[in-house]
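Here come two complexes built around chain A, the first alongside chain B, the second alongside chain C.
Our next item is the complex of A and B:
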């Protein structure tokens, strides 16, 4: 397909700017010398270019998207409608407080609802994504220990099944990482945790349900082991969709959490963002929150920095329009809809798992939560068909593959998260496809390495991309 | 209650039974009783109509200004109609990060095109696929320059205060020492910078045009940084790069900025977009996604996420950054915006900004608000007056005008863009004259 730079011709353009109605001024400053190359296309060519690009993208709207750990649920259109209201889109972030009462109320109401759902006391909506939330939450932990003069705490404990962002975020906050191996059941190894904690423990980062899709039943013991050692416990909210309205991180002993509004709260992923990663905490950490907090006085709202705020993790008030979308979603679901979504997510995952486990071995054959992990090690060993091959075969059936090769503790892993917004019919169809691929693989394993064959492009030469990087178009 | 669940209760029960459960209670039976939530204290769910009504009511509580003369990090530019029409396409909106390249060529190619446009604007060799916003881009750029023996970052006081705050917060995390370089007459004090920098200096960050709108002498500043063996980082307004000397031409090692002026609405501060571009030497230190060109099995040109050995999902605690989700849809927005504008349209918009801002400065001076500085500026400038800033801005607000950003009781930071007309600016001057006269 042509690049936008390969379309149109010099001199062609959209007519957008008016003539100048004031005396023209020439800047008395150094000018750019290098010629600026930007596309030169008519609006029609431009429109068609992106329409063509759009045809080469698989979104949730195009079909089943069981990408584990990413919660690719349906993105309600009303969210988009609310976020497009001019009363939200045309507001400057530095307007006086009395002219942005509606925006501040959005922040306030959303924070209150998210606190109730998570069992936290305070929240910031400033972080722009999940990893950004992790970074923010860890800054709170660091501020807390330092405020008490407890400077020996330099280590963050992370299970070996954790998302890569956990250790990467801890490094950004200057912590050393202690990786602890998971137990045979995929959960935290309590003895290993006891051995790991000590006077140098700043905290533990955990998801529950964990990254293999299992609810860790020992959670109260885990959080109390860390607390007894003087550390804090961080909840990675990537998997909250399994338990929202059923179990709250705050009731499991977590001190600080992040949420992914673009996973659990139905805001779209936009091809990789913008997301939103609010951070919630217990009251003793609220004084350290970054950014500004909504405060009500005499019926008027204003924004005030917390007493010992760690600063700001982003300019202004976060990805505000994403917050608007999540708020709309929570308002619609309400007290019954929130747990109902979680329950159906767990049901859909267990249903799919049970209909596949006779041919695709599960890494952990137990009741799962919102997602499950298959282990294709045997298939790889027996007929040289890998998790990658199965994933690529799914592409030919219009199904987005599950997350591949994660978590790292499961070999040849495929992590499947159907989400609650898929119908039984869709699940049954997907199950049939998985089973067909299995049969095809047994019959003709070599053909699996050729998949996909019906996609706009086929498997890519990733080695070439990395060895001889071409990272931009070069104009002649 | 609103719901997006396709399964009926009957179907749910049937599915439960098929896999050996009689109820949801049984399915969740392995969760310890002590942690189960008894009551979720939220209101009952709403219908779509009610939810929309609620949100409209909130939106209506905000004041939308028809006439805006405030910038300070968020700029009121015209957004072509085609931009919204493209970026609202459901495929783009509802896709995840393009891990599966075979079914994500549209997103991957759009990012590759975006990277090319950012390289063109900045003159730099390589761009990443975006970070959260201009301030986090600046903070990530500072982190890129940290070396074992070089752990001090110098930040010009003339930078946007929001950016300074974010850099300081990130550096509290990663342990880089931040030294502020003082401002002198609205510009970075080059002498002070020269004296302060030394063998432990990692980098120097300056914003161009700076927070007060003034154009810095980045040739001199870059030279000082490089003479100390440190990296030179420039934070740029991308609109200004259509006409101003590029960071590459100033010798910058890393160029960053906020892409908001390029097609993204004011939106109470977000989502915006942080762009980051660097010299080839620095490319493996860049955080975030990068898209590269390659071929598929049939030798067809195609695009893929590349140089992933920098990233958290591979390198974990040794990654160059923790970033995972970025601002991909905003990068698409910038790509569509720049394609619609073209070099001609963007240059025209930038020149309009310059002319309008200078006209506004002139009529405000006549009305009693004197310019504070006498340096070349792009589209922002500061005025001083004995009349309290608040009084002036309130008078404008009454007429539906969002005036400049008050720096203090006496000084206001103004901004004019291609959207502001002569008639509008004359009206502002008339109101100011009434208040000051």
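Our next item is the complex of A and C:
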């Protein structure tokens, strides 16, 4: 398709200005030396440009989007309605507190509800996304050890199935990473963990259910091993959707968590979101939380910085309107709806897994949580059809591919997370497509390398995109 | 897939070519480059850095993932193959020509495999 700069021509515009009725003045300095490159398009062309862009992509509103670990659940429209209320949009973060009591109430109530769901004592809504939350949570862990003069704790333990952001965030905070292998069942290898912990352990980062979609049954033992060594335990909330309202990270022994409101709590994900990655903690860490905390006194709310706050990790209160959407979601579902959503997510994943496992081998053939991992190594070996080929073939059927080649411990991995908001009919259609692709692959493996054939763009050259990226338009 | 008999191999899929008792070239095996897929970026250490047997000294990025490269020996980096920074595809095209680092003053090495043992090792790992 044509880019916006390749459309239109000089003189075209979206507005017709009335004739100037005052003398024209040219400012002396500073004067721009070169004319700005702005698109010259009519409103009609501009509208078509964005519509065309919209047709090039696939979102939750286009079709099934089982992108494992990303929880691409439907974003209810009522969330948008609440976030568009003028009381939330026509405000400024520097307004006096007494003029924005409702907004502060939103922050307070959302924090309380998220604390209740996760078993935490305090929460900050400031971080802008998951990895930002990880960074913030690790700052709390670091502040805790430093406040006790315990400066020899320099290592963060991360299982080999972890999201890449975990070691990256820990490195950003200045920690060294200790990688521990998973046991054969995909869970934490308890003996390896015992060997890894010690006086230099600052903490362990973990997600439960873990990255292969299995609930680690040893979780209480895991958290107590780390605590006994003097470390803290961090919960990566990427997979909270499987257990929200059913079990709480706080009860599993976790000290710090982050949540992804754009995953678990139905705010938009992808395409810029924006995201929101609240961080919760146990009471002994609350003194270090970033930003401002809502405090109620004599019936009035105000915002106060925690005593030993690490400072701000983002301007003001984070992505406030995203918080409004998440609060709407929680209130709409209520205390019965939250666990029901989690259980349905788990049911949907198990349903799909069991309808596919006779032809697509599962990395771990057990009851899964909200997602499951297929291992296509045999298919790749036998007929040279890779996980990538299957993923690309799905695009031809209007299905967004699952997560590919992750987790790294499973070869030729496809990680499927249907989410709770898909109906049985949608799942059945997707299952039929997966089975059809399998049959097509057996009949004509070579044709699989050509997929997709019906999409606006065919298979993209990922290697060239990575080696020689073109990141901006270059004018002649 | 080829694995030259004159080289030694680590279980983490690096090859080692000893120039003398305490000096060696280190690179990624043919099996490793094939499993990683097209490599698009490499992050190498600097001359004079120490490497430790069993610990990461570099990372490589393919279209699939970022992976650590582990040193099969302990020693000092004598030379870095800077050609790879602009042409990481060399590790795919010629895995045994595209050495990553040259290590000198080698004091320790982990248990290394012969080509035959290495092939047996990864075939078992796959199964």
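Convention: the second predicted complex is superposed on the first by the 454 of 476 C-alpha atoms of A that agree within 3 Å, B and C clash if a C-alpha of one lies under 4 Å from a C-alpha of the other, contacts with A are read in each partner's own complex, and residues count from 1 in each chain.
Everything that follows uses one rule, which is that a contact is a pair of C-beta atoms (placed from the backbone, for glycine too) under 8 Å apart; a residue touches a chain by one contact, two chains touch by 3 or more.
Note that the structure is a prediction, hence the values are computed from the model and not measured.
In the overlay built on the shared chain, the residue A:164 is in contact with chain B and with chain C. Once the two complexes are overlaid on the shared chain, A:462 sits against chain B and chain C alike.
Within the superposed three-chain model, A:308 lies out of touch with both chain B and chain C [touch as defined at top].
In the superposition on chain A, A:224 makes contact with neither chain B nor chain C. When the shared chain is aligned, chain C comes close enough to touch A:377, but chain B does not. When chain B and chain C are set side by side, the one touching more residues of chain A is B.
Overlap of the chain B and chain C interfaces on chain A comprises residues 164, 406, 462, 466.
Across the complex, chain C meets chain A through its residues 35, 38, 40-41, 61, 63-67, 88-89, 126. Chain A contributes residues 164, 377, 381, 404-406, 408, 411, 462-463, 466-467 to its touches with chain C in the complex.
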